[in-house]
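Note that the chains are named A, B, C, D and E in the order they appear, and that numbering of residues resets to 1 at the start of each chain.
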Amino acid sequence: MNTLSLLRAQARQLDWIGVILALTLTIVIILPLLVVATWAFTEVWRYPSVLPQQFGLRFWHQTLARADVWNALMLSLRLTTTVTLLSALICLPAAYAFARMDFPGRNIFFLSFLASHAFPKFGLLVTIAGIFLQLHLISTFWGVALIQLVGTLMLMIWIPVAAFQNVDRRMEEAARDVGAGPLRVFWSITLPQAAPTIFAAVLLTFVSTFYETEGAWLIGAPQISTMPVLMISFINNQLVVQYGAVLSVMLWVPSFIALMFARRVMSSNAFAKGFGA
Amino acid sequence: MAQLTIQNLHKSFASTTAVDSVNLHVEDGELICLLGPSGSGKSTILRMIGGFEHPTSGAILIDGEDVTRLPPERRPTGMMFQSHALWSHMTVFGNIAFGLKLRRLPKAEIRDKVESALELVGLGGYGTRMTSQLSGGQQQRVALARSLVLEPKILLLDEPFASLDQHLRERLREEVRDIQQRLGITTLFVTHGQDEALAMADRIAVLRDGRIEQIAPADVIYREPQTEFVAGFIGTMNLIKSEVRNGRFHHADLGLPMPLHDGEATLAIRPEDVVLTATRNEPSAVVTRFTDFGSYHLVDVQLADGHRIKAMTAPASRWRKGDRVAVLVSSYAAFRNQHLAYTSTDTHELIKETEHV
Amino acid sequence: MAQLTIQNLHKSFASTTAVDSVNLHVEDGELICLLGPSGSGKSTILRMIGGFEHPTSGAILIDGEDVTRLPPERRPTGMMFQSHALWSHMTVFGNIAFGLKLRRLPKAEIRDKVESALELVGLGGYGTRMTSQLSGGQQQRVALARSLVLEPKILLLDEPFASLDQHLRERLREEVRDIQQRLGITTLFVTHGQDEALAMADRIAVLRDGRIEQIAPADVIYREPQTEFVAGFIGTMNLIKSEVRNGRFHHADLGLPMPLHDGEATLAIRPEDVVLTATRNEPSAVVTRFTDFGSYHLVDVQLADGHRIKAMTAPASRWRKGDRVAVLVSSYAAFRNQHLAYTSTDTHELIKETEHV
Amino acid sequence: AGGPVNVFTGADANIVDFWNNIVAPAFAKAHPGESIKVIDAGDDSGLRAIAERALAALASKTDPHADLFEAFDPKLPAGGIKAGLWVDFKQAKIPLYDHINAMAFQSDYSLPYRGSQVLLAYDSTKLDPKKAPKTWADLTAWIKANPGQFIYNRPDKGGSGGNFVRRAIHEVNGRDPAKFTIDNFTPAYAEKTLTPAWKLLQDLAPSLYDKGAYTSGNTQSIQLLAQGVVTMVPVWSDQILKAIKEGVLPDTTGLVQLTDLALCGDFNRMVIPTNATNKDAAMKLAAFMLTDEMQKAVITEIGGFPAISWDYLPKDLRDKYADVVPKSIPTFPQGDWSPAVNDGWYRNVAPNLARG
Amino acid sequence: MPTGRRLNGLLLVAIPVLLVGWLIIYPIFAAIITTIWVEDGESSKFSIASYRFFFSDAYSLGNLTLTLWTTAVCAVLLIACGLPIALYLRFSRSPLAGYIQGLAIFPMFVPSVILSYALIRTIGPNGAVDILLHSIGLPKLPTPYLTPWGPVIGLVWDNLPLTVLMLTAGLGGISNSSVEAARDVGAGPLRVFVHIILPRMGNSLLVASSFAVLGIFSSFTLPYVLGPASPEMMGPFMSRTFNDLYDPLNAKTQAVICFAFCLVFGLFYVYSIARNQEKTSR
């Protein structure tokens, strides 16, 4: 009886905040999503009806029937995975260097990544296009990959730097001591220790690359057409929101699975990390 | 299996000099204990040998080769850190196995080695735990196992047993000593347990403010401390400041013979060299405290001049606070200018002192 | 200034039971030492009292009031953590002053208190350092100062002196003891130093696998251990398993009288109760190891039947490996089913044993 | 021929479908060996990026990967014309070039091929079709009488609001579209002609939805109408018809055109980069769009307005669609006028919020 | 050795640095130069007229002010919403945490175009909120659609995942024991937060707000669709100047000015990282 009441007390205490947060978020986040989801299955929905006047799958048929949707989806996934991996490969060591090493120009270089997010693309288009044309990268997979890669640099460097700085140096020293070279220490100790943050960075990179359209369009058109580029053309100035809604909802399912997976990795790690040290 | 030579090592941090011209030569398979007060630079010396701090000046040689500028992973040293520095994202097994994996040992061999290391430190079956699920002492033992399992040429242990109970500590120090001797691992060992130092070390280096005060085998350090600091630091020592007059220490209760020319001097007597006998004389020394340590008793005695000294007595003895005692000394030494100036001949005959000169 | 009562406390982690139905009552101003092997649940008990772990079941009462569900900041407890848990973004001063600032003391008073706390732990002038610039022992002292400066009603110290040298440790334990007694702070104290426990504690609680084996004043624990575990754990104890036959312990060298009915029994003898004398008889006990601990010597003796026991001898004695000795016992006890079954009368007369029955 | 002609369009799905389903097969049939690939750029800024790219390609003499823009303003990117980026159709001797409706031209570098008009769409459950305003005066009176029931979108995006604004400009300048031509722009003239229009629109603002809010595009306007938030909005004819057909708007949606002077319409004009890899094919395609076959398709398939003057169109067609498609629609020149009108509106009309 | 290490550092950062330098920094400089070396007929000459125009034009300044206001409000709201969520996620062991984290991160998967439509349908006039209110007989709420609060709501919604992710990750570096020690000396949750958690989150807060600020400053879709026609945020303003007014000079000038503001903000993070590094590298 004692145990039970304790458990209940604990549950009550924890939930107060949790329940409030969960409710607020449910309303704030779910409501717009729900509206989108409903639209995806709606043919007619007019004010002031709470429910659509007419449900239907017409827009699903129309969307899914298009061959380019599936091609674009596969292409996008391939592209995004490539870019994310490449970005991790070149950025994480660089982030480590920024966090832990001293070299000439460090701060300036570090700041320079800001430029990729802070300057509007339109000012750069001509120059970038010029560079890519010369290299015959226009309208090729690797051209798009390259431009998107540049777009991920800031995320993949700025965020991990904070993570690396939080890693306890003594753990790295201990690994050096048992014979691990700097690279191995990075891979086996520093990276896993910084994992929750890095994971967040990778997730953000993946998603933002997936939904990136400007670079993909500028460099990719006409041969390389990614999912969001296709989507934009479905959605922009389109009378019917349903196409966009359908495409969104289509992407939510994999996103949601990825998210649940992410949550596992992140929380368990953060949990373990928070304990000792 | 390696000789370690430290030449003129010096390390300054922004605000402090942590290590100050340390010279040390450690022979193949020798075990040296670094003893010294908190903050005297012990960890810093180990960290420099391991390669984690860069000396401000000086050199470190292993088997005659200068390693001062080598990175840690290229030095044949294995270190156990004072802060344990366990990898919190790995299991206990993973922590111990990491170094072995780097050496590309076959899986089965790694498992065997890790398991026997865990058995050694009394953590058999804890392999799958995360390090955060261990108690403080268990973490320390994992750190110890991690440094031992690689059988490095030079082992650096920074307070390896600080959070262990006496029995475990005794068992482990014997185990470590065994391994160290069997494999001939040259070892530097930081400890605050003097027992540990006395029991394990081939030689003890006593540090003070970043300098080595004396380096010698345990019994020499205990019985022939070269400086007042060493005398006072190792074991318990009654130190009484006064002066020598006419070949005698000038003191009301302890006017012992001291063949030095006149001048200030410090008398040093071990508690076990103090013998108490009951007396009724007045004024006399008085027992002010009696502590039972099981295997012996420690008696605090206030001399007639107000000085307090400690005496060690057999478990059978029973003193009570306020008892009047006569103080006899069986052996003593004298220091002048911090350095040893005189030692009484090591006789077992009691040198009887009158309570009044 | 507060009584602490622990009722039926129990704590399980996923994989282990760390604390198992512990009952304890600590009086106003009492100092209790928790002693026990690594992993026996000492830290977990302190953490539950401090409010950092929720007991799986059981209650914690302070001055009769149930605090089991109170958050740490509303308990009148002050804890020093085994891991120090210093705040790395604050200076030494900031760490110690933080609790005082929360209490909105005037600035000048805070400074005075912090400074005297720093003086107390021998770190005067270290106030402006960052905690990462301290040695291990210095960090520990800051943690100690931080918990003392608030003068909590109940003080919980988790191995406060583990990384300190013996002298500092002795000085600090006296200081802590003084403060504790002057202010009447009820204190729970985890240590692995038995000396510490024996010297400081009003009572000692010996823990084993999350249970209290015995709780009693120091000398009782040492001289009248109620269980074989306590006997073996506190101090050094020679334990020899055999059986009682006709009122005698059945053993080649140590066939001591034992008025118990027949059956298995364990003989327990303290090293200081073993007296060695030289002999030429054969077969006899042989000295296998001789260790000089300065104030006493420890002699390992192998009995004729292969058993090894330890004997403590005076510093004047000199045994060598291989010496043949006769073994005499001045006092002993016997355990049966882990519990005390018999104690020899506490005489100082030696019970002489023939080497052969 | 090389590859397919890469046609970039930023238009709506109905136009994309038109190109894919009607134009492409017809073109392939008329010109065996040629083909079309339609690439949907989503919106104007998408086209804009490709045009920039083409300009860069021109500079570096590389392949722009673009052959024809379905509708684009050759003034973009800045300096494009000077650099010789766009094909000069006037020089190109396109067959039927001289049959094009004179009002449709804005530049020598673009080729009009279809037009559409702007109408007023309203909720006939709230406004009796018989009372629907037929003149500008009626309209403004109605707006003021029904505050919050009218909204038009910002003139720079989507155009239906922009043409409403241009109708206001016509209104204050004697309802004479001829007063504005592509060449007669001067800042002073603009100042003189536009300022009264700003006054007029400012005057309307407090009676608009939310006391002077403006939607960001045609679609948003239609959505507000669909949600019953407002009663009337200006819309593109083809778009509104499609919306009604798709059920976005109920059948009760009414349409009305002003009779004193219609709301402005506009033409879509193709451009071709001079450095296009398939320039020859693209030119063929451009010419093909002016053929009877295609002009007829513009009318029948997308409810558009032909670029070729009615006079040159087959008579049967003319007769058949006489009721649906007006004989002419007023237009407003682009060129330098566009920035002047758009920015002027942003600076003068938009900020005057009466909202508290 | 030090030179070797410095070279190593340079080597490690070389690829990304060269990439931005080549594909971002160089084009930016090219763009900046066109704003101060203005073409004037055949020749070009140095002129800062476009900057002078921007800073003397009330309309432009109004847009800049609105952008700064929106950015500030959004950043504050984001931290205010993100921190409690992150704190809850870090310290709670309740099963609700998974649900909450999932929700908080989900907006990441909703592109802003879709979001702006969804928001019009939700909080817009006669949107879902109005529908729900209407159906239970309550009056409609004034809608933020086409007011400055429209973009604020949209931007906060859109940037919440990033903020929560960054803050949660930052909180992961704070050990339980340091929190416990603070509670032990009597600090309640609020004090623990202010004195123990906040000072250690400097970097995470900065990086989270840096990204939020950058994203918001240059955002286009949400302010364009949800915001008022005037004043406009810099995103729509620049794009309008560029696309509709055929005025690349002024558009690029606006871009450079935005860039300068972002740069100032980024400097805080860079400074904090540099300082941190000095502290840990002894």
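Simple rule for what comes next: a contact is a pair of C-beta atoms (placed from the backbone, for glycine too) under 8 Å apart; a residue touches a chain by one contact, two chains touch by 3 or more.
Everything quoted here is computed from the prediction, not taken from an experiment.
Engineer: Hop distance check: subunit A to subunit B, minimum number of steps through touching chains?
Structural biologist: Shortest path length, in steps: 1.
Engineer: Quick check: more C-beta contact pairs at A-D or at D-E?
Structural biologist: Top pair by contacting C-beta pairs is A-D.
Engineer: Subunit D to subunit E: how many Å between their CA centres?
Structural biologist: It comes to 36 Å between the two C-alpha centres.
Engineer: Using mean CA coordinates as chain centres, what's the gap between subunit C and subunit E in Å?
Structural biologist: Spacing between the chain centres: roughly 57 Å.
Engineer: Can you list the subunit A residues in contact with two or more other chains?
Structural biologist: Where subunit A meets two or more other chains at a single residue, that happens at 47-48, 122, 127, 232, 235-236, 241, 269, 273, 275-277.
Engineer: Mind pulling the residue numbers of subunit C that touch at least two other chains?
Structural biologist: Touching at least two other chains: 83.
Engineer: Quick check: what residues of subunit E touch more than one other chain, meaning two or more?
Structural biologist: Within subunit E, residues 126-127, 175, 177, 239 contact more than one other chain.
Engineer: Residue numbers of subunit C touching subunit B in their complex, please.
Structural biologist: Touch list, subunit C to subunit B: 13-15, 35-39, 42-44, 82-83, 122, 129, 133-138, 140-141, 158-159, 162-169, 192-195, 198-199, 218-219, 222-223, 232-236, 270-272, 291-296, 312, 314-316, 348.
Engineer: In the complex, go through subunit D and note every residue touching subunit E.
Structural biologist: Touch list, subunit D to subunit E: 44-45, 48, 75-78, 154, 156, 209-210, 213-217, 220, 223-224, 227-229, 338-339, 342-343, 346-347, 350-351, 353, 355.
Engineer: Under the stated contact criterion, what part of subunit E meets subunit D in this complex?
Structural biologist: The touching residues are 59, 62, 120, 124-127, 145-147, 224-225, 228-232, 239-240, 243-248.
Engineer: Show me the residue ranges of subunit A that touch subunit D in the complex, using the header's touch definition.
Structural biologist: Residue list for subunit A touching subunit D: 43-44, 46-48, 54, 122, 125-127, 129-130, 133-134, 136, 138-139, 214, 217-218, 221-223, 225, 229-230, 232-241, 243.
Engineer: What residues of subunit A sit close enough to touch subunit B in their complex?
Structural biologist: Subunit A reaches subunit B through residues 168, 170-171, 173-182, 184, 188-189, 192-193, 195, 269, 272-273, 275-277.
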